[in-house]
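Chain IDs A, B, C, D, E and F follow the sequence of writing; residue 1 opens each chain.
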Amino acid sequence: MPRVCVTRRVHFSAAHRLHRSEWSEERNREVFGDCANVNWHGHNYELDVTVEGEVDPETGYVLDLKLLKRLVERSVVDDLDHRNLNLDVPWLEEKNPTTENLVVAIWDRLVSRMPEGLELKRLVLFETPRNSVEYEGR
Amino acid sequence: MPRVCVTRRVHFSAAHRLHRSEWSEERNREVFGDCANVNWHGHNYELDVTVEGEVDPETGYVLDLKLLKRLVERSVVDDLDHRNLNLDVPWLEEKNPTTENLVVAIWDRLVSRMPEGLELKRLVLFETPRNSVEYEGR
Amino acid sequence: MPRVCVTRRVHFSAAHRLHRSEWSEERNREVFGDCANVNWHGHNYELDVTVEGEVDPETGYVLDLKLLKRLVERSVVDDLDHRNLNLDVPWLEEKNPTTENLVVAIWDRLVSRMPEGLELKRLVLFETPRNSVEYEGR
Amino acid sequence: MPRVCVTRRVHFSAAHRLHRSEWSEERNREVFGDCANVNWHGHNYELDVTVEGEVDPETGYVLDLKLLKRLVERSVVDDLDHRNLNLDVPWLEEKNPTTENLVVAIWDRLVSRMPEGLELKRLVLFETPRNSVEYEGR
Amino acid sequence: MPRVCVTRRVHFSAAHRLHRSEWSEERNREVFGDCANVNWHGHNYELDVTVEGEVDPETGYVLDLKLLKRLVERSVVDDLDHRNLNLDVPWLEEKNPTTENLVVAIWDRLVSRMPEGLELKRLVLFETPRNSVEYEGR
Amino acid sequence: MPRVCVTRRVHFSAAHRLHRSEWSEERNREVFGDCANVNWHGHNYELDVTVEGEVDPETGYVLDLKLLKRLVERSVVDDLDHRNLNLDVPWLEEKNPTTENLVVAIWDRLVSRMPEGLELKRLVLFETPRNSVEYEGR
């Protein structure tokens, strides 16, 4: 059977700031610029979750996109949407919430929850329409 | 001379929460839902600023869009981008930063700074690609 | 209090064909071209619903966009999404489902359901990203 | 019968420069900046053409969007696409091709070609996704 | 010579339903949900066709995108646009028209029609802006 | 440490024409169609620059996107924006400015300027929203 990638785009809105607690505010401001603003800032994130697998000859699906949407919402989006990435998310604790660290943490949440026979292939995370990161678990 | 509207789109990323300080957290949560999250959340905002005026017969411009961009950045965007709308912006103080209140406050900043002969016509402010407000100063 | 317009974008996917039952297939094909295809075709529709009202001084809302979303879903989207506009929708019965007829029928559904003090201002309905109609109830 | 606006989006790619031939290159560069570049530059333009009229009770159309598309292509796009706005377009001759002058000239081409009973309502012309002008014939 | 991928995006609007004729309506509804609606529904599909090859040192093209557009229209789009994917398309017969089955069938149409020296590299097919599939012929 | 790709999108507007100086105008017109227009035409280009590297355990960055933006602007965009690709750009001299030749020339500019430890991974260059090329340096 042919192997096809299916992608579902989900979104969430969150606050964050970039900083390392062991650094001074001056050092944080120097390295992270406006992103270190003490009182936070925020973004509308868009996340493309891509799963690869064989097309099921009976249903014609790799997987039902409604299931993928639900899985991503329960494992990831419900914890992130309308939250503070530095303060509110247990599985981001002690991480500086750069887009890079965020995409790797999301990967680690999703990869262990993949239905049998399916491979988490790629995540693309947009922080703004012009800034994005891509991770394939390597 | 013909009257033409010119529009410049600008963007900013900010944190906020919806709440009234004189209400309990329970009441705030009841009215504003997830938007009341104590630790904030945030958005990528897009703002369309529309100015109407006669086409200058010499330049063919209503106004130079680079000037409009600079005016909006200095009067509005520099104060909002990578900031907390509840804590960091003097001209939003004591306002609940709903998109409605935000667009009216931006209007009040811009309308008094219009170059002579030009009319601030319309603001459209997107909080997400699916949620927006529009204000014409009435 | 200032009057602000708030807009929520919703979407639905539906099948339809353009035809008049009292015309022959030849006449339908002549007037409506490919859109008359006997076995239907379909679209992803996007609908912008704009409501105007005064900003509530207590909440800072014209209306809660979650309420508007729910109202539009219950009154309109639930009846249209994943349906056939010619066969499945009681309130479109005996109408040729052009985008024009569709936007007027949606208006008639929504205008009577507006919360007190709010005015249904404008509907914009996209049949494709390049083709749209706009209706203000006149 | 209800009055509905229908909009068709068309696009064209063109070269231009902003300059007045009676000014020196220095003066042109001073007023128009990079847009005065002697060797031209160019854009992908998007044009939204909006026509208002009553819904025809027989067809359910204000007008067939295929007809509108063809009318706009023949009257406007065929003359502009893959052309130089300063050199190649008879109806732009002696005009400085700012977006403002361009939208007014397009209006003048289209308004006299409207089918009976239909009103050219609004043109929106995007020079870039962030810069646009709007004209209603006033 | 460098190897470059060139991509052309095309679109088509079609009706379909997901179902297996050997299953009961109940079973189809259970597995495919609203997508099994007996009277069909539909979508605006967007298809990105990517072809890889060496840059021709004479023309600077991998291939003329106008040729690619024409090839895809003749081989694929003309058969799908404003059609019913279950009923009107000989090369989809007896296939359940999921996005996965559709992208594989389109691949099989295109791969045998590639001009000499060019490799069909990747297809991305969007059923909605948030749901897509990707196929590389494996 | 995980390897992540980071992408920054930049844009520029430029004029060009496709032609080979050793060919007659007739031959150029025959091969390149409207793109050979003697008086040029132009586009809004969008360029996605993707860089791969390990996430820095101290900052959580692969690289600061502001640095990437600045590097791309200085090496590429400042030379191309509001310019003529055939006449104004020393590093495109004697190249026919097809999108394919342009993306390869941009790659050659950027690959030698990558900060240590980072790999230029992929360029995607859009000439229009529907036409793009992709290059990975092979």
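Quick note on the criterion: contacts are C-beta pairs under 8 Å (C-beta built on N, C-alpha and C of every residue); 3 or more make two chains touch, one makes a residue touch a chain.
Since this is a predicted model, take the numbers as computed values, not measurements.
Under the contact definition stated at the top, the chains bordering both chain B and chain D are C. Comparing contact pairs by residue number, the interface of B-D is reproduced by C-D among C-D, D-F or C-E, since over half of the pairs coincide.
Ranked by separation of Cα centres from chain B, the top chain is E. The interface with the greater number of C-beta contacts, when A-E is set against D-F, is D-F. Separation between the centroids of chain A and chain F, computed from CA atoms only, is 28 Å. Between chain A and chain D, the centres computed from C-alpha atoms are 42 Å apart. Residue numbers of chain C whose C-beta contacts span two or more other chains: 129. Under the contact rule stated at the top, the pairs of chains that touch are A-B, A-E, A-F, B-C, B-D, C-D, C-E, D-F, E-F.
Within the complex formed with chain A, the residues of chain B that make contact are 11, 13-16, 34-35, 37, 39-44, 81-84, 87-88, 128-129. The part of chain E that touches chain F in the complex is made up of residues 2-10, 50, 55, 58-62, 65-66. Across the interface of their complex, chain F is touched by residues 18, 20, 31-33, 95-101, 103-104, 129-135, 137-138 of chain A.
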